[in-house]
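Here come two complexes built around chain A, the first alongside chain B, the second alongside chain C.
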Partner chain A sequence: MATEKSLNAPGVQKEGPIRSFLRATELDTRILGMVGALLLIWCTFDILSGLVRPNDGLLGGSFLTPRNLWTLLVQTSSIAVMATGMVLVIVMRQIDLSVGSMLSMLAVAGAVVQVFQLGPWLGVGHPVIWIAGVVTCLIFGTLVGAFNGVLTAYLQIPSFIVTLGGLIAYSGIAFLLASGVTIAPMDRTFDIIGGGVPQSWLGPFWSWLLALLACGLIVLALINGRKQRRKFNFPLRPIWAEVALAAIGAVAVLGTTAVVNSYAWPFMLIKQYAQAHGVTIPPGVQNNDGDAICMAGDQVVRCTEGLIYYTGYSLPVLITLAVGAAMTFVATRTKFGRYIYAIGGNPEAAELAGINTRMVTVKVFALMGFLVGLSAIISSARLDAATNALGQSNELYVIAATVIGGTSLAGGVGTVYGALLGALLMQSIQSGMQLLNLPAAFQNIVVGTVLVLAVFVDQVYRRRVK
Partner chain B sequence: MTAPLVEMRNISVSFGGIKAVDNVTVDLYPGEVVGLLGHNGAGKSTLIKVLSGAYKRDGGTILINGEEVDINNPRDAKGYGIETIYQALALADNVDAASNLFLGRELMTKWGTLDDVAMEAAARKVMGRLNPNFRRFKEPAKSLSGGQRQSVAIARAILFNARILIMDEPTAALGPQETRMVADLIQELKRQGIGIFLIDHDIHTVMELCDRASVMKNGQLVGTVKVDEVTDDDILGMIILGKKPEKVA
Partner chain C sequence: MRKALFLAAIMLATTSNYALASGKLIAVSWKTFQEERWKTDEAAIKAVVEAAGDKYISTDAQNSAQKQAADIEGLIAQKPDVIIVVAYDSDGILPSIKAIKDAGIKAISYDVQFEDPDSLYITFDNVGVGRLMAKTMLAHGKKEGNFAFIKGDKGDPNATFLFSGIQEVLKPEIDSGKIKVVCDTFTDGWKPDNAQKNMEQCLTANNNKVDAVISENDGMASGVVAALTAQGLAGSVPVTGQDGDKAALNRVALGTQLVSVWKDSRILGKEAGMAAVALADGKPVSSLKGVSTFSSGKKGVKMNAILLQPDPITKANLEDVIKAGWVTKAEVCAGVKAGAVKACD
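And now, the complex of A and B:
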């Protein structure tokens, strides 16, 4: 990270190969810095965890293993989905402190509908139940978000206060709705959205197909952009830079896919699936390091060569990626997104340009509420339960992820993909420290420190660029 | 003579107990530049913000082409072809020049997405006419100089075929050459039959560019004079003493 920054400093007169590469490809150097920091953190945790207990990670630890990286992606989903909305809220110079409590409230509401209302009435497992749970979370979330927005935009109450009130009040509503107890279990179909059951895993074939599709889209987007610019005789990137961009995109997509495709189903699930579907389990020699299953005599055991299923992408990760793409589209390609950035840059100018800034504010908060609803579905499905503490202090992680991802609290600046990376970075630090068996109190200290440090580094970088 | 493009009759605006604009009447004809003069706090910016929709009037009527209209916000004003170039250079600092030009009236592709390339092309065309040296279309507005920002603001007004243009100290942030450019531009806009309200502190600018001048003091209209018929000192007297020169009274 440090080397990258010094190489990009404007003080450097002679243009080195890295600098000219960055200029030609128009890559965001701050995001590159974040990716660098992320890789550094991953490698450090892998080495440290290897010192504690050697494992089959890339550097001898347990961090850079398919299992951990796959789990990391799933764990990041809920925070990441909310962070994409928080980017727009913060870019517009607002804040939403209520997302954590709102998540608890929505998850509990969805669970009450499934478990207490429709379950006894329609009978457990009825297809209407999971749909009703999903719709409840999304619609209720959108309405609560819009309510926050109306109080902020039309009654002119600062969003900090509106959502601080929400933080306190919504957790109270969550407690009342849940009567203080854990509501479980959720509908079986609903649970698929959480990513914890085999039906929510795409499997290697579809994962590879999806990856190829994504690579195709990257190439198409680059070609289309070039064609558009040529049509109006605008300056074009050199061909090698376009190829490099396509290659970077493809490597990232295919690399991620390769990792999720090499994470095997848990031993017990393979065994259950094989027995339930009458798949013959090949004979083999017991080896507890393997991920496959074999028959050693009449016993099902772990082995290296045998029956094995790989997970591929899981549903919450796919949802997060889809939300990330959709929100990037909203932020950069629509009028609505352009207005959000203009309002964040200069609210008065935006109003004078004829933008209905109040309506945009309400819509942004409503969108935030919708995404909280989505996260509530993912979280409660993953846990197979809902409690009034499900989203506790999530607002802090969401805001931290957004800010680490380069969104400025002064407004006007921020990217959706930055927030996604920020969420991944936060989760990496947390799960890395869990691998090292550090106590929770210590994890909090480190996460807090990283937040402050990240913003400091970003400030220094911005000043140097100026 | 033709009907006035704009008539603002008996306009009043109060902030709390203070009458910022008190019963002021001004008008503007096509192809004419009317200067609004007065000290700081005389009420000229407030008066003009009523026309551009930024402030609501407490009393009086606004007529455009002889018809009474209701202007409650900047969107209404734009609907009547009223464009404003603000003193504080109202640009969103974090978005680029092309996006600022089209802010609020973006060009869209057939799929309903922003057509940034077409907007950049249109921006290059209009800026080429206005400020041929301008090249920084993809940079955020905050990296532009005062003159470049002003040309973006003016380009925004002409791009949308304004009929009525309000310029609030358009040359305040500019160097001599850029001021010259704005003066030429105003002549060009006049030839196209656009009516311009020009707010300025500088008497020389007003004497040079305007056809008529309306002077305000303490929220009230001192008087409106044809600049050909008065001297700099007459206008100065109106601004400072609030006295209309006798020969035109």
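And now, the complex of A and C:
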């Protein structure tokens, strides 16, 4: 959790229990508002989808089922990874409009390396192929990002123009690289990164282990934070507030883990896996609503009791969470991160204070490019194909997610976890409307409206706090 | 029948005599070069035009109706004999078509229909593509059960033409209740990743109880198959497509896609090139081979049209695309087990 604000809030006299709880725990109320909005959206979609077609969701629909929430996390990951980088770009008072086209270009480049270059040469499935695909996307992405940065910082071209040029030019390069062809299939090992195959699912055991580890880290971070505050004579949170924070973190982590651990493998995949690995399938009674498989006579059928596997966290989601943690660390705990916020707050002052603003700008754009490379890997692995249409107009969703997540276009303000939540919120709306079978045009209207509304609410809130 | 037509088209293209024409100017206003196929079309048209001793010029509207209007003004200024137009917006283009006619130039509506009674419309029969998808599904895929429709972009008239062909074939089965439509969505920009998300949500909403997917093109089929693969359903749920994309033909060989309706754009380009050359020489439209009257557009305008028949490529006739030199055997057969598909052995 961010601990940027001082506790000496002015004019605190009498306050209710909720307000005093919020003040003591220093929870960001805007983020709480977003979580509230997210839960409201989820419940609404569950009820609405239940009206269309009743299902096992918490409120009788299809939205609040482990399966849909699991899919939602995977669907969010590509945009979410890019949004964590966009936060830093926007905080620094810059913008990157080229991320969508860059994603197409990098995905196609990675695919060309895998399918056209190395595939025929090394033979399909050679382990070097997927590594080369990944490395190509990441290095190429970092270079292109750095290029955007150099043009912005050293040639003094506004980043809006540099990346608008990139938006147009990179999609052209993406087209030329593959002469417009859809490149598929990708390397089998590469596909694991996309989360569509059982090898990319962690399973309940490792998911729980990871969750416990994360809980441990939360507690350690809180203890460490308290120690630091004491060292520098900062006001401390009351002990009960620290415990409450630890509890909230643990409940969130364990709750998410419980959800992903209760999504069973698709029936057909359990069957394929059992047959391929010679797992004995227990006998049982057929029930087509069950998630397990069993033998009824010599037939493999669906049933409630029998052989069952659960997915747990999938690789793209883990990557997103890891990126989120790493970027939060970079933004709040490193000199580089503080420089970015300082530049965003007041560029002249930052420069006068001796910060090499140009170098920081290049680094931030390079980091953005690296993350776009990562997203290119995730989305092309997930689709098991790369085309120049992949990623088109993603820049709009990335920027929208960042802004919905509380990052101010005026610079200096923004959090990584806010952007992650923003991405989840937008994908929730889209997935929910797809579940209801609403037309795409309608989805666009709603997403656009939500974006403007979110920023408006945020502005009102900021004004009132001031 | 289809094959015979196909052969006839090739024969026609290779044996025609262009000796009469020379020095005419043929212009093409392309709507985009964003997708792979348009470059193929261009090469075919250019080859025919230049073989006839005429000159070829072109513009690329880059998916913008405004740019296309300006492009056409520029082309008219160069006084060509014929302008072939691939319209980005089939209604928005009409003022430009009027300007072409006012300048005494002949217009050809290529692939995308604009409804102008004096122009010639050359295309693959798009309603026919839809019909073929549905017919192949009924004959070699599923005859009944839960069907999902993954349609193209709402603004593209071809998406609607396709769907009317699909509906025409499937309607009796839908009315009798044998086929239940469980999902029916348009896909923004025909994008594969949108189609993948649509399919994922369709499977979630129906607990995987989807028996067949009618996807209106191959790009979207790649997204659909990725969504099915994640549920272990790829190969058991038949999926349709069109365009003859290399990746899609590979999926047909692997069994994860049922059919890719193939429109050989080289033949379409040749036909258009030949028609343009003939019109530039002052020959009447009625003298062209394969001309019929077409009036099933949105407004029902009657116009002369050359409708080519597409070829549905399934496992059984994969050798068609290999023999025609459209793709190599290695591309189609990548990852296919020996003995599984005839064309790959």
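Going forward, the second predicted complex is superposed on the first by the 448 of 466 C-alpha atoms of A that agree within 3 Å, B and C clash if a C-alpha of one lies under 4 Å from a C-alpha of the other, contacts with A are read in each partner's own complex, and residues count from 1 in each chain.
Rule of thumb we're sticking to: contacts are C-beta pairs under 8 Å (C-beta built on N, C-alpha and C of every residue); 3 or more make two chains touch, one makes a residue touch a chain.
None of these values were measured; they are calculated from a predicted model.
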Looking at the overlay on chain A, is there a clash between chain B and chain C, or do the two fit? fit
More residues of chain A in touch with chain C or with chain B? C
After lining up the shared chain so the two structures overlap, which partner does A:S262 touch, if you call chain B first and chain C second: first, second, both or neither? neither
In the overlay, answer first, second, both or neither for which of chain B and chain C A:V413 touches. first
Using the superposition on chain A described above, determine whether A:T304 touches chain B (first), chain C (second), both, or neither. neither
With both complexes superposed on chain A, which partner does A:Q117 reach: first (chain B), second (chain C), both or neither? neither
For A:N287, using the defined touch cut-off, is the partner it touches chain B, chain C, both, or neither? Pick first, second, both or neither. neither
Look at A:T29 in the shared chain and tell me whether it touches chain B only, chain C only, both, or neither; answer first, second, both or neither. neither
After superposition on A, vertex chain A (C-alpha centre) with arms to chain B and chain C, in degrees to the nearest 10, comes to 120
Measuring by CA atoms in the overlay, how small does the chain B-chain C distance get, in Å? 39
Residues of chain A that lie at the interface with chain B and also at the interface with chain C: none
Seen from chain A, its contact residues with chain B in the complex are 228-229, 231-232, 234, 329, 332-335, 338, 341-346, 348-356, 412-413
Sort out for me which residues of chain B touch chain A in the complex. 52, 54, 73-75, 78, 84, 86, 88, 90-95, 99-100, 103-106, 108, 112-114, 117-118, 120-121, 141
For the complex, give me every residue of chain A touching chain C. 49, 52-53, 55, 62, 65, 67-68, 71, 75, 120, 124, 175, 179-185, 195-197, 265-269, 271-272, 379, 382-385, 387-393, 430-431, 434-435, 437, 439-441, 444
Per the touch rule, the chain C residues reaching chain A in their complex are 33-39, 154, 183-194, 196-198, 200-202, 204-208, 218-219, 222-223, 225-226, 229-233, 236, 245-248, 250-251, 330, 334-335
